[in-house]
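For clarity, chains are labelled A, B, C and D in written order, and residue numbers in each chain start from 1.
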């Protein structure tokens, strides 16, 4: 079935939290191996100095520029971009001729190519300049909702972590045509997330002493994952109902717990909701439906997303919990890589969460 | 203006988290002093052995039974019940003849006398047996919403912590008769709380190792503070709109951050909302209106409740942050005591939060 | 080289933290598979209900009694005892005839068979009754210090987590015969550990609200791992120098950070210390020598132990960091299992720590 | 006895953690009031915007320069410098003529004037330029060890937080002339501290996501508080025994827990140690001697320092716990201010810790 290194991996933006997590998952993958980890700022330095959890596991040094030849020599060559948005698109577009010539695949962890709606893109990412031609080739990479397109894609726009949790909670309802599940809008999406989602860049409000036991909300009704959620769950902004979306910052490192509040046109039984979700996610190895509210501790550091719901008359509450750096970023990127390379999507990903963290 | 000890304080149920916090606040109060701290299980033991933060500050021992005489000798005698519900009502009703004879005042931190609606009471607190006569004498103790009645009361039902945060966020809207603020129901109340709210009693899911970096929801759509919120903000269950209420458990010790999501009949300006809240809380020293989302760190360990809001068209999000053990329990109890005894409500309470915790 | 299930695993005491971690590691092991997870109190219940991180990964139910037949059918049958001490010995001794008849191997995670010195055993574990014959067959299981004996053993006494961190920091010095490294006693061992080390059993001082931001010391100069450290590093109590040992409790779930303070007879160079440790651990894949002090975050959830040191004249400080549930318990147990079964000791264990937790 | 404002307070360096804590304590002090809070970088901005816990409590704006006139109008004028070291000395020396002319008092929270030994000062603070004349006027401000000198001083060098915890644990032994307490050196000082001690300035290793559940050691055997501890406890470097000093960083915001390990020349009884410490601290209202190891939770956010010890033969372990921002910085500064102004040292400081944090 192949050997370690058949999938050659390059990472652009190798020093950040996302790159560290990708490298952890790649090290545990049976077929993938990192061949070029790019960081202009720390070129020549040891990767493990930036990611000390990888000492004795990853012995590479950072490349100043992408080593295209090393990548081309592998059976599959995959580039993950963990660059900040705008920089990511700029870099990918510059590399495009070589990418096409060498038949490499690209998975972009930045939001540069996520939004389908051009107006929404320009509003939420005004500094992200992307060519329409390349945008058209990018496939949205929330694996559970887009498997077939991803499997055939050369360019994948990896989803946002907050968007993933919300869209996974909402998709079975959004894509259901049964009248019983018709929504009365607006619906409310209340997200709670850890501090690693902010990335390495620091402000005084991310100092440990300040955050240690605090919690707050941010970008209230203005967060850019709101249109992404709508496109992910309903296919297009104009098909989606009115929403409220408020993310909250918890004093934990990892994890997203999202609660969505829906009012249906008519009363629904718990059994009907359970059937809907069970059948929707029947082929999704990383979605676990629970009878009780999820605990972040049961998913953090793993690629699982735990979902549960509660019904009261016409009211439906759906909760989803996942790790923002795994299922919300590096893990779903590996899921997508697996599909692109013709592997089962769970390859290298079905390890358990540590449980106690 | 009086001296330390003019207000004599007794506490029933002296070993729990609520009693510890009451004793901390009483120690800092210029006129109040603890005279009888009752705990049948640890009678004779030092109070500071159960509450080590009070060493060198409180040198009392636990009484096995309430010392009514000591209480009667003070200018004002106030009994705080920090007993579990049902036990609290049972104990108060047994003491009632002495309470009335000695003209003592009672502030019950349990939920035994909170709900006005008898059916809701029986549904949510089936084991709490209370006499209708005594229930009629209890005044609901969310100070900001009920000042005058509290000032003249002999019996105060101290509010629930989750109910307080939600009701303080909602009351200006709920009590507003301007058509601009007419609500389209349902509204969503998403609460996040620390683990001290659960009290001393332990389950495996409150072990530090289990909770340290986890988060979850609990009593989804079934929590007993939901009817209390409605009565507190709208005066009666039947006046209130339809609500969703879901509390979440965060891996912090103290603090409640509540986000309420409201849809109005028409668009509203931020200035109009600001005016509404500013004038509603103009005389409330512990309510601070902020331009940005509250941080729990700025209120925890203090009696302040920070409130902020965000408007988008007809959508209104209101956030409230407070400390569940202070503004949500012991602090509001002291506010109520102050009013009952004719003192300014902020007496002994206007200390700042430590900020970094 | 074999297939999943060639190593059949039974766990006695299947509901605790140690069992949960063993099951997580076994699920990721290429050759081992759980066949009987015993819990008398929850027999028939789903294992994943006690260890929710294992949902969709482990579908077994708890056995009320050890399924010896299932174990015997595997190429290797290994019993891990995660029972409390005293109960563990009692259970193992009762099962002994079947264990011997079926040539099963036993790895005891309890301290029942750890101490070699009978007086120390009786002093520190007075309720642990063990037969001298069986004690003589048990091999002490700190893999790095005892590889050969473990590889040939049928009975392994898995080491204590605090003892492991200290002994790994001390062993290169303790076992060194160079005069340069002769110690002036006493030496100081200051250990800091997370709350999962206390196990599931609860006291009020393990309530999350109480521990969330506190820290303390416990069993000061009386902890039972002190003689174990001496035996592990120096071979016998009487060969060991005088020590101070104080464990501290940190408000984290996992992790041990141990600092040892040594005074040498003469000055030593950093290079000499580095040489000593490098060569001592040259064949130990899980010991990483660092130039800077270890960070718990780089080892927690992994089987690595990071060690660093600092020299000043005759003063030597050595620091060791590891995860108490992995390298300090379940991971070292798997290392031992691998050796017993003739596998490389790192089999199934060389995954990276998540880094951010 | 006076009124709020009799003690006029100025703070240099008004935006940092130390200034925030000073302002919290001053707000609760019966006689002190802030009159000039200086910050060149945020001059004109609201103090409460930098310290949101002070909203509705402190309504001042930052001054760009010290308002000497406002200070001179108060009965006592006290300047606290919360500037970084070197900058602090430079600023104080520039203000010196006005300070002397207006008979103001200075309490410097920086380390610029702490060390008595000039060589040690130059070695550990090479960039801190101070005049010998002014150095000679500064009194070391660890209140419990230096009360009389502080009471008569115009210039106080406020002690370091790690130095305070260690010196308070060691002083009764260090200053004891009984042969029973003669020390065999070296002694070990193992300190554990929260992240607020690092101050506002950020490095990637103070990002909340990185520190959340990690722990490490830093400046191992090279920390500049080591000579300060020796001078504080033994009066002079040359009188002090050999020491090891290693600080560790815990994932908490506040708190220092220090463990010192001492070997005595002869065996000592617990009663003798208790007597020594009790009588040494008999007049110290903020030192609490405990029978059991301290819990940080019982002191954090308060001015108390809890001390306990354990004896085994000639071995003595002493533990001290305090809040680095209160007893370790702003609280001891207020103690010193009280003494300078002829007030009881506990004025405004005897509030309890919140206990649960």
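Just so we're on the same page, a residue touches a chain if its C-beta (ideal position, glycine included) is under 8 Å from a C-beta of that chain, and two chains touch if they have at least 3 such contacts.
Please read these numbers as outputs of a predicted model, since none were measured by experiment.
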### Query
Using direct touches as single steps, what is the fewest number of steps from subunit A over to subunit C?
1
### Task
Check the residue numbers that subunit A and subunit D use where they touch, and answer same if over half are used by both copies, otherwise different.
same
### Task
Report, in whole Å, the distance between the mean C-alpha point of subunit A and the mean C-alpha point of subunit D.
46
### Query
CA centre of subunit C versus CA centre of subunit D: separation in Å?
40
### Task
Note the residues in subunit B that touch 2 or more other chains, in rising order.
17, 196, 209-213, 251-254, 295, 297-298, 300, 356-357
### Task
Quick one: which bits of subunit D touch subunit A in the complex? Just the residue numbers, please.
17, 194-196, 198, 200, 202, 204, 206-213, 251-254, 357
### Task
Provide the residue numbers of subunit A that touch subunit B in the complex, in ascending order.
186, 188, 190, 192, 209-218, 220-222, 244, 246, 248, 250-255, 257, 259, 261, 263, 293-298, 300, 310-312, 315, 317, 319, 321, 356-357
### Query
Which subunit C residues qualify as touching subunit A in the complex?
17, 20-21, 23-24, 27-28, 51-57, 196, 212-213, 253-254, 285, 288, 290, 295, 297-302, 304, 306, 325, 350-357
